[in-house]
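Working notes for the structure below.
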Amino acid sequence: MKFDTRKKELLINLLSLVVFVILWQGVLILTREGIFNIPFIRLRDIPTPVETWHALLGSLFTHINGPNLTYGIYNHVFASMERVIEGGIIAFIIGVPVGIGVGYSKLIGNIFNPIIEIIRNMPPMAWIPLAIFIFVSGGSIFIVFIGVVFPIILNTIQGVRSTDERLLDAARTLGASESMIVTKVVIPSAFPSIMTGLRIGLGVGWMAIVAAEMVIKSPVGLGYFIWNMGDLGRYAEMIAGMIVIGVIGYLMNISILLLQRRFIKWVD
Amino acid sequence: MVIDIFSGKKIKIVKNNKQPIGCFHGIAGFGKKIMIKIPVYLCERKYPAYFYLFFRAIGFIYIREISQVKFTQSWVAILVKSILSPHTAQASRKLSFGCMHTRKKRKPLNSVIRIYIMLTREIMNNSIKILSVVIFVIFAIFLAGCLQSNQSPAVSEPINLVKMSGQEMVQKLGTGEIAGFIMWEPYPAIAVTKGIGKNLILSGKIWKDHPCCVVAYDQDWYKSTNNSDEILKRMALVQLKSVEYINNAKQSDSKDHNELINFTMQFGGLTDPAAANLSLADVEFVYNTNIPDTTTFIQKVQDFGIFVPEKWNQSGYKNASDYANSLVTNKYVDWAINNKDANLSGISLKEPVTIRYGYLINDIHELPFYVGWQKGYYKDLGINISIAEGAPFQNGAFEMQKGFKGNTIDIGSLGIPPVIIHRINSNDFSTDDARVEVIAGMNNEGSIIVVASNITSLKDLRGKTVGYPGPGTIQQVLFLMAAEKEGLRVSS
Amino acid sequence: MGRLVLDSVSKKFNTFQALENVSFEVADGEFVCLLGPSGCGKTTVLRLAAGLVAPNGGNLFLDGKKIDGVNKECGFVFQEYALFPWRTVKENIEFGPQAKGLNKNECDRISKHYIDLVGLNGFENHYPKELSGGMKQRVGIARAYANSPKLLLMDEPFGALDAQTRNLMQGELLRIWEKEHISVLFVTHSVDEAVFLGDKVVVMSARPGTIKEIFDVKLPRPRIRTSLEANIIRDKVLKSLGIEIKLAMKEK
C-alpha cells in the first residue's frame, strides 16, 4: 500500500479513535479492580466499550416479548430524523426568503433586524416550556424549526450582503431587471453561504430535538431513548444512544458538505 | 397477465386470498424492476462491489426488523416488500457479479473469501465513494422506515406508555393530550372526583390480591449494623399496628375516621376529602408478603423480557421461585404477629437508633408508614425516622437506584416489581450494592387504569398515549399483564 | 450610432468633488482612450456613461438621448473581469441576451458567435476559475459584445495582466474591434497603451478631474508601437500627463 499524505491522515484519524477506545477500556478495568479512583464520581458504573458495543447491537432493533414492545434505536433514529427533516424543510422555506429580503433591501433589513437579533440569542431549549403549552403535539418540530432557522437566516443575510458589487454592476449594465438581479446574481452568489447555514442549522436542530425529546413526552425519539435508559439504570444503552446521536450528527454534516462540494464546483 | 421479471415468461395470476391481484402485483413487479436495474446501471459505472454489501445490509435489516411488525397489504407495503425481498437481492447479486465477471475477465468469483478481499481493496481505494454509498444506504433505510410508518393503524399498533408525574397525568388527561393513565392512588381518585376521567380497570381485576408495595432493607446497612434483626422485628410490628389502625379507621363510623382522612390528605397531597375517601376504598392494606405471588411476578417480569439477560445470568438464580425465596423473608412478620398485643414501650430498643427511610411521593399505598410515623409507633419502639436524602422518590425505580443502590436509604417502602427488577438490572454484582431484602408488605392492589370518557375498552387505547410512572414500576407490569390478556402490544 | 457626448459634467461624492466641468466627445465608431493620474475620476466618467451613477451637474448624451439610469446600450468591461463564477463561459456570455428575453436558440447563436470571435473555441463549458487572466478578459469582452451595445466602456481591462499577455490582448482587442466596429471609451494608466489603441487620447487633470488636453492620434492601422510618429505623440502625452501626476502626488 502506498502511503500518500491523504491515506496517512486517514490512518492517524482512525488510530486516534482506536487509542481512545483502548484508554477507555483500560481506565475502567483499573477502576473496577479498585486500583484507580476519582473522588465524587461513580466511575464504576460507566460502561466499557465492549459493553457499549453489545448494548448497541442489542437495542438496535425492536424487541417484542409478549405484550411488551420495546422500540429499537433504529425506530428512535427515524422518529428523531423525521422531526429534524420536517422542521428543517420548514425552516429552509421560511428562512431563505427572509434572509434574502433582509440582506438585500435596507428597508426590510431595518424592520426585521432588531427582532431577529433578539430572538436568535434565545437557545432553542428555552422555547421548550412555551412550545409544550402552545402546540398540542408538544411542538418538537417547532423547536427544531427555531434551531435551524436562525443559522440559515444569518448565513443567508451574510451571503447576500457579501455579493460582489462589481457583479451587480456587471448585471445592471448587461440589462438585467431588478428581479433578475436578485434571482440570477444575488442568490447564486449567496448559495454557498446558504448551504453552510443549512448545515450549521441542521446541526443545531439535531441537538435541539434530542434535548426537546427528553422533556416533551413522546414514545419514540433518541432523546427519549437516552432518558429512558438512564431511568432504567442501563448506562451502556444510554452511552450507545449518545454515540449514535453523535455519529448521525456527523453524517448529516458531511453529507451536506459532500453535496456542497459536488454541486458548487465554481468556488475557488 | 404479468411478465415474470426473472424468467421473462408471461404468467397468469391466480386469485389468492393472501396475494392481492391486478395493480398491486404490477407494483410489486415495478419494485423488483427498480432493484434489478439499479445494480446493472451502477455496475456499468464501476460500483458493483458496493451493491453486494448493500444488499447484504438490506437483507439483514429486513429479516431482523421489518418482519417483526406485520405489514398490511397496502400498495406502499407491497412496494417496499418487493424492493427488500431476498429474491430480489439474490437476483441483483447475480447480475452484479455477472457484470463484474465480464468486466474484469477473471476466473469466476466462486469463493466468499475472494469477494471479501476484493471488497476490502476497493474500500481502501475509494473511501469517498464508500461514504456516499453508506449515506445512500442510510437514506434508503430511512425511506423504508418512513414508508412503514405511513401504514393505516393495524392490529399491531401498540399502546404507547409515556412516563410522567402524577400531576402531569391528571392535567394531561384533562386537556386530552393523553387518552388515559395507570397510576397509584390518589391520582385516579383525583381524576375521577374532578370529572376528568373514569376508572376503566382496577388492578385487582387484572390480578386479584396482587402484592404491591413492600418494606425492604438495604443489605449494606444490615451488615454494618449490630442489632439490625431487632430493628427489623420492630419495623414489622409498626407495620402491623398501622395496618390494623387503618383498617379500623376506614369505617366511617369509627372514632379515628377523621384523623385517618386528615393523614390521607396530608400524605397524598390532597385537598378534597372525597378523593381521600375514594382512594382509601381502593387500596387493600396488608402487612405480610406472599412468596408464591412474588414468584408469579418474577416470572411475568421475565416473560416480558424486562430483565437484562446478562444481569440475570450473573445473579445466579436458577428460576423465579429460587429468586423469590431469596428475596422475601417472613420471619420478622412472624415475630410481630406473636408480639402484637405487647405494650410498645415495653419492648422498645434499649438504645434508640436512627433509620434513614425512603418512600414514594404522594403514594397512598404507603400510608401505613405515615400513620406509624405520625402516631409515634416508631418512636415508642426506639426508632427515630429520618427522611432519606432524595425522598420522597418519584417512583420505585428511582428509589432503588438513587436510594438503595446509592446508599442513602437504610429501610424503605416501594413497589415490589421495582425491587424485583432493579435488584438484578441495576445491581453491580461485584459489590452487590443494590441488594435488598423484603421483610413486610404494605398493600395489595391500589392502582387503576383511568381513561377519558370516550374510551370503553383497552383496545380503544391502541395508537394512543397513556401515562405511567416509569419503566420498572408495578404499574408497567400490571398494564402489560392487562394488555397481554387482550393480545395487545404496549411500547414503553 | 454610439456617439457619446459629455457636456459640462460634474460629480460630487459626499465630501469631495470628483469631476468638474468634463466635456468631450466620442464620435461614432471612434476608439477614445482616457488617461489620467490615479484618483482623477476616470472610472467615475465610465460609470456616468454607463448610467450606474448620475451626474450632479451637466448631462451625458448617447446618440442625442440623455443618459438617465442604467444604460443598456453600453457594454462594460471591468478590470477584475467581474465574471459570474457559477456560470460557464458560454452562460456568462448568454447573460445579456437572457436579460433581453431572447429564446434559447438565439442565445446559443449569439454566444457561439462571440466565443468564436474572441478565440475561446473549446472553452465554452469551462468555469471562470479554470481560465487564465487573458482568457477571462476575453470572456468579459465577449459578454459585453453579446448585448449588441453601441458603446463599449472598458475600465483598465488589461491592468491585471502581465506585460506579455497585455500586449497580446491589446492586439486581440483591436482585431475584434475591427471585425465589429463600435465606439469605445477605454480608460487606462498606460500612455503606451493609449497611443497604441486609440484614435483620440483624452488627458484628464488631477482631482477634481477636468479635461486637460485632447490629442488626436492619426496613425494608420495596424499600428506599429515603435514608429517615429507614435513616439512623438507619446512624448507629448507623457509631458502633459506628467505634470498632472506630480500634482496628484503632492495632494497625497
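Just so it is clear, A, B and C label the chains in written order, and each chain counts residues from 1 on its own.
FYI, contacts are C-beta pairs under 8 Å (C-beta built on N, C-alpha and C of every residue); 3 or more make two chains touch, one makes a residue touch a chain.
Just so you know, these numbers come straight off a predicted model, no measurement behind them.
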Exercise. Go through the assembly and pull out the chains touching subunit A as well as subunit B.
Key: none
Quiz item: Chain with the smallest distance from its CA centroid to the overall CA centroid?
Solution: A
Quiz prompt | Between subunit A and subunit B, centroid-to-centroid distance (C-alpha), Å | solution = 30
Quiz prompt | For subunit A paired with subunit C, centre-to-centre distance based on mean C-alpha positions, whole Å | solution = 50
Quiz prompt | Distance from the mean Cα position of subunit C to that of subunit B, given in whole angstrom | solution = 79
Exercise. Name, in rising order, each residue of subunit A that touches subunit C in their complex.
Key: 164, 166-167, 169-177, 180, 184-185, 188-189, 191, 264-268
Self-check item: Residue ranges of subunit C in contact with subunit A within the complex
Solution: 47, 50-52, 70-72, 74-76, 78, 80, 82-87, 95-96, 98-100, 127-129, 143-144, 147, 153
Quiz item: Which of the residues in subunit A come into contact with subunit B in the complex?
Solution: 1, 10, 32, 44-45, 54, 61-72, 74-75, 78, 81-82, 136, 217-220, 228, 231-234, 251, 254-255, 258
Exercise. Under the touch definition given earlier, write down the residues of subunit B that touch subunit A in their complex.
Key: 61, 64-65, 68-69, 124, 127-128, 131-132, 134-135, 138, 141-142, 145-146, 149, 158, 160-164, 168, 177, 303-306, 308, 310, 397-398, 401, 405, 422, 425-426, 428, 430-431, 465, 467, 470-472, 480-481, 483-484, 487-492
